[in-house]
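Order as written gives the chain letters A, B, C and D; numbering starts at 1 within each chain.
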Amino acid sequence: MISHAVDQVSTFAKDIDVLILLICGLVGFWFFVAEGVLFFLVFKYRAKEGGKAAYIDGTDPKHTRFISWPHRLILLCDVVIVVAAVRVWVEVKQTMPTPDQTVRVVSQQWSWSFQHPGPDNKLDTADDIKTLDELHVVAGQTVQFELVSQDVIHSFSVPVFRLKQDAIPGRVIKGWFKTTQTGSYDIQCAEICGIGHGAMVGTIVIEQPERYAEWVAGHAPVAALATPAPK
Amino acid sequence: MSFAKPIATLRTSAGLPTGRLALWWLLASEVVIFGGLLASYVMQRLGHPEWAYDAEHTNVWFGAGNTIILLTSSLSAVLAHQAAQTGDGKKAARYLWLTIGGAAWFLVNKAIEWSGEISHGFTITKSGFWSFYYTAAGLHGLHVIAGATAMAIVALDAAKNKELQRVEYVGIYWHLVDVIWIFLFPLLYIAK
Amino acid sequence: MSTHAAIEHGHAADEHIHPPSFYVKIWGILTVLFAISVAGPMLGIKLVTILTAFGIAIVKAYLVCAHFMHLNIQKRWVVYLELGVLAMVLLFWFGVAPDVMQHQGQNWENVAAKQAVERGMAAHGAAAAEHGAK
Amino acid sequence: MTTTTAPHHADAPTAEHVHDAHDAHEQSFFTKYLWSTDHKVIGFQYMITGLLMAIIGGYMAYGFRMQLAWPGEWIPGVGFLSSGRYNAFITTHGTVMIFWFAMPVLIAAFGNWLIPLMTGCDDMAFPRINRLSYQVFLISAVVLIGSFFVDGGAFGGAWTAYPPLSSKATMNLTPLGSTLWVVAVALEFVAFLLGGINFITTAMNARAPGMSMMNIPIVVWMIVVASILFMVSVGPLVAGAAMLVFDQQLGTHFFDPGQGGDPILWQHLFWFFGHPEVYVVLLPAMGICAEIITCNARKKFFGYKTLIYTVFATGIISFFVWAHHQFVAGIDPRMANVFTITTLIISIPIAEMLFLFIATLAGGQIRLNVPMLWALSFVAEFLLGGVTGIFLGASGSDIYFHDTYFVIAHFHYTFVPIAVIACFAGFTHWIPKMTGRMMNETIGKLHFWFTIIGFNLVFLPLFITGAWGDHRRIYNYDHFPDLTNAAMQDLRIASTVGLLIMIAAQGFFVWNLLWTWLKGPPAGDNPWQATTLEWATTSPPGHGNFHPMPTVYRGPYEYSVPGAAADFTPQHLPPA
């Protein structure tokens, strides 16, 4: 349903889509049952000439079972949804697989800057590649990101990954994703951050290892110059 | 224009006078306002051990003096209530004015204390502790002023033996102001 | 109506009148407690300070609420109302403390707060050392 | 005080006798309509102010929906919408619709009209505090509107006002607007705290003789529980508002991470209030619909006591779910699991309530008049709003849906039924009582159908754009390559067209009001043949409401009692 319009590019995108479908099925069922019963009752019991309504106070088990049984079933559905949702949540937000690469994502009004580990694959070394509004990662690799903000709250959202995490000034928040295919996609800011919020967009470029290596080789020594140094 | 009380005010379906009923709800809303502020303060304070150094600069003797003033003014407020119960409006009014005197003394102390602290550079922006210190004590101070004003209005009526039930209500409100200070005192002054 | 009978009954219970000496006695206890809570910190033991300061604050608040506000002879549900409201404050505290009181958690770290603590401790530590040397 | 007692007072209790004769004063226009302490007048004041504010909120919606459908174009009546103005529009739209439209209309206006009338007393317990509450409310509205005309313009940090964006003028660029916004909201809180205490006290203490707890009409219960929820949840945010204003104007650092503050603290303060707030407006709306559905189905409410207990349960659980608004907002991920569970638990009492509404219809004689259409559509539309909430309450799927248009569609499917549909339901049901004139059924049905069609056309497409990744609060999607495609733009345009239909449909409402004013037929005391106490007095009720004061003998929904002559048995009718 969602994958129709938005690609699934991370390993957990599928899990989130499945969860959404599961919820869709469960709540959709109850929605249509409830609407169906509502419209049926309105039609069946519309006022008729000389008719008299029943006198039911809703305490007789003969009547209340029509409510209590759906109720127990809803509770069951809730349990299923909680279990499914928590499983996905734990996978996306609470586990931290060993990363192939660590990047730093810095948000500020109103742009993204990224710190790539560079040829030595370590952050905070001299060969780090800093870029503005463009994040390069290797397809199929597990990437850990450290999310920070320079000023106000932003949100690192990559719809194709089904990933979203707010960046809080003063905090370092870690997360991960593992890409499944190449391409270039939007990174959007999903938390209002001032007048430029509507234009705060970045691009994530997912490349084959060779292309990525080329990009690293092309940018490593001189890339520092291209960085606007947002201090 | 004289104001005729509607029947609604005089009914007591819940079993206690309408004024006192409303007062308990008012107190409930005050409890969450101060509760929210103090909960925020306590969790920040526990997370920031360095605030203890700021707290050292508070003057325990001012805090202690104000505590005893409020405790005593609570006594005179409850004595005013007692006098009102026995129907002695004049005595109730006298006790209320005594309580208002306590409130005024409290505020004067506060003013001296604060101006001293501010002149030493401990302003509201100095650190997180001082921000909470001035905000919490300031909010409490506003309640002192509000309570004293209400007591003055009630005392004027009570002296004429009118609306004596209100003596109790302002008293209860005043005790709340006292209780809040009972917690503010250790939170802001003693815990270091 | 039975409710009306209950009202009359409730009224009678509220209108209990204590002599002034009763209130003065409560005030006396409050003053003694207050003195202890001020004296507690002078021992310089942190645990004693916390216990005397906050333990006594709770006792004092109880005395004021019960005897000055007359919550002890008020309708029961009034007490439950105020306690329930207080419980909501506690709920707020426990819901928020994991994020605000803690400076570190699963996959996140409040670097700014940690720095503020360090800065503050260092600055005051230096000041305290100076103070001690004098 | 004069004691001109009319003869029909004879059987009223003597203690209450002396006091219900203040209609003897001659009143000027000022004391009668503007400085009145009469609950009905104050109810009208709240209703009119709320509807005027809704026009402002609707104008904002018109402005930003037009911008989204045709980005960068000149908008008739608005002009060009820059990103700063766009942010101010969405912020004000959200704030106004919740605090200055939903709350004053559903709680204050209906609370003022209905509580004294339905509980059988002559006014609120504290009429002057009631008047003060409205005056504070009016000032708060003026302050909010005023923020559009100060230097820098109105606040544009969304209705959640997350700091540091809201606390630092260098970041939000609205140095005065943001403070005025906080002050306005805080004043509004004060107004509703005053009003809420009044509602609670009146309903608890001023009930007619014989009206036990379980004889109180559902809507009164709902407004009282809503007022309690509001009172308990708003406290921390009142303190938070003071802290935010100090951060803005005095330079404190409560929410400034650089100096030991914490922006997350505000989020918690806000949502600790913000989530119960949903139920604060939901409950009165459900109460209004419960009254209308029982009356027009000619049936007793199915499981009155169950409903009341369910309301209590909802109220309590609503305090335990707030952080589901913050799943991806930087809270500890472990906490999210707790809040997912509590959030899904709250679906149980809400589902129970809706089931009870539906069950009430079974076996009835349903009259599909205008109020009933609105009330039924409330249930039908709210169901969709309710079930889509599950996607957002479940932490796993919220990662994707958070802050997308899916959220917008979801909460508008709750808030529009609450604030618009239930408001019109209550309005059309009780306006005959409040004015003494019937509204026009045909115009009313036209108004109903066009509003409902417009409403669904606005928000159904937004579920889809949200699922396809549209983020909220973005003034122009042209900047986002993934979101710039013709299909999504068509959906955005459809949504805007829906809004235009919905706005145009309100012309029917204005027409109906004029029609009612000019040639509405007299309503009579009880046009709907309802059982609750407000229908026992004249339409409109005179000063003092009841002559004599009523006594209650039975529950509020004794419709179609077997053996009774009529199909309704009013509460105040002495047993044969």
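FYI, a residue touches a chain if its C-beta (ideal position, glycine included) is under 8 Å from a C-beta of that chain, and two chains touch if they have at least 3 such contacts.
Predicted, not measured: the structure shown is a model, and the values here were computed from it.
The leading chain pair by number of C-beta pairs in contact is A-D.
One simple way to say how far apart two chains are is to compare their mean CA positions; for chain A and chain D this gives 31 Å.
Centre-to-centre separation between chain A and chain C, using Cα means, comes to 42 Å. Inter-chain spacing, taken between the CA centroids of chain B and chain C, is 15 Å.
Contacts with at least two other chains are made by residues 3, 85, 88-89, 92, 96, 100, 102, 106-108, 110, 112-113, 116-117, 120 of chain C. Within chain A, contacts with two or more other chains are made by residues 93-94, 169-171, 173. Shown for chain B are the residues in touch with two or more other chains, namely 12-14, 16, 25, 28, 31-32, 35-36, 39-40, 44, 48, 127-128. The touch graph of the protein chains shown belongs to none of the named shapes. The set of touching chain pairs reads A-C, A-D, B-C, B-D, C-D, using the touch definition from the header.
Of all residues in chain B, only 12-16, 24-25, 27-28, 31-32, 35-36, 38-40, 42-44, 46-51, 53, 60, 64, 67-68, 71-72, 74-75, 77-79, 82, 85-86, 127-128, 171-172, 175-176, 178-179, 182-183, 185-186, 190-192 touch chain C in the complex they form. Residues of chain A that touch chain D in their complex: 1-2, 5-6, 15-16, 19-20, 23-24, 26-28, 30-31, 34-35, 37-39, 41-42, 45-48, 51-59, 63-64, 66-67, 70-71, 74-75, 78, 81-82, 84-90, 92-94, 109, 151-153, 155, 157, 159-160, 162-171, 173, 185-186, 188-199, 201, 203.
Per the touch definition, chain C reaches chain B in the complex via residues 3, 6-7, 10-11, 14-15, 17-20, 23-24, 26-27, 30-31, 34, 37-38, 40-41, 49-50, 53-54, 56-57, 60-61, 64-65, 67-70, 74-75, 78, 81-82, 85-86, 88-90, 92-93, 96-97, 100-103, 113, 116-117, 119-121, 123-124, 127-128.
Those residues of chain D lying in contact with chain A across their complex are 82-84, 86-87, 156-158, 162-165, 168, 171-173, 257-258, 262-264, 297-306, 328-330, 333-334, 336-337, 340-341, 344-345, 347-348, 351-352, 354-356, 358-368, 376, 379-380, 383-384, 387-388, 390-391, 394-397, 399-400, 402-404, 467-469, 471-476, 479-483, 487, 559-562, 567. Across the interface of their complex, chain A is touched by residues 106-113 of chain C.
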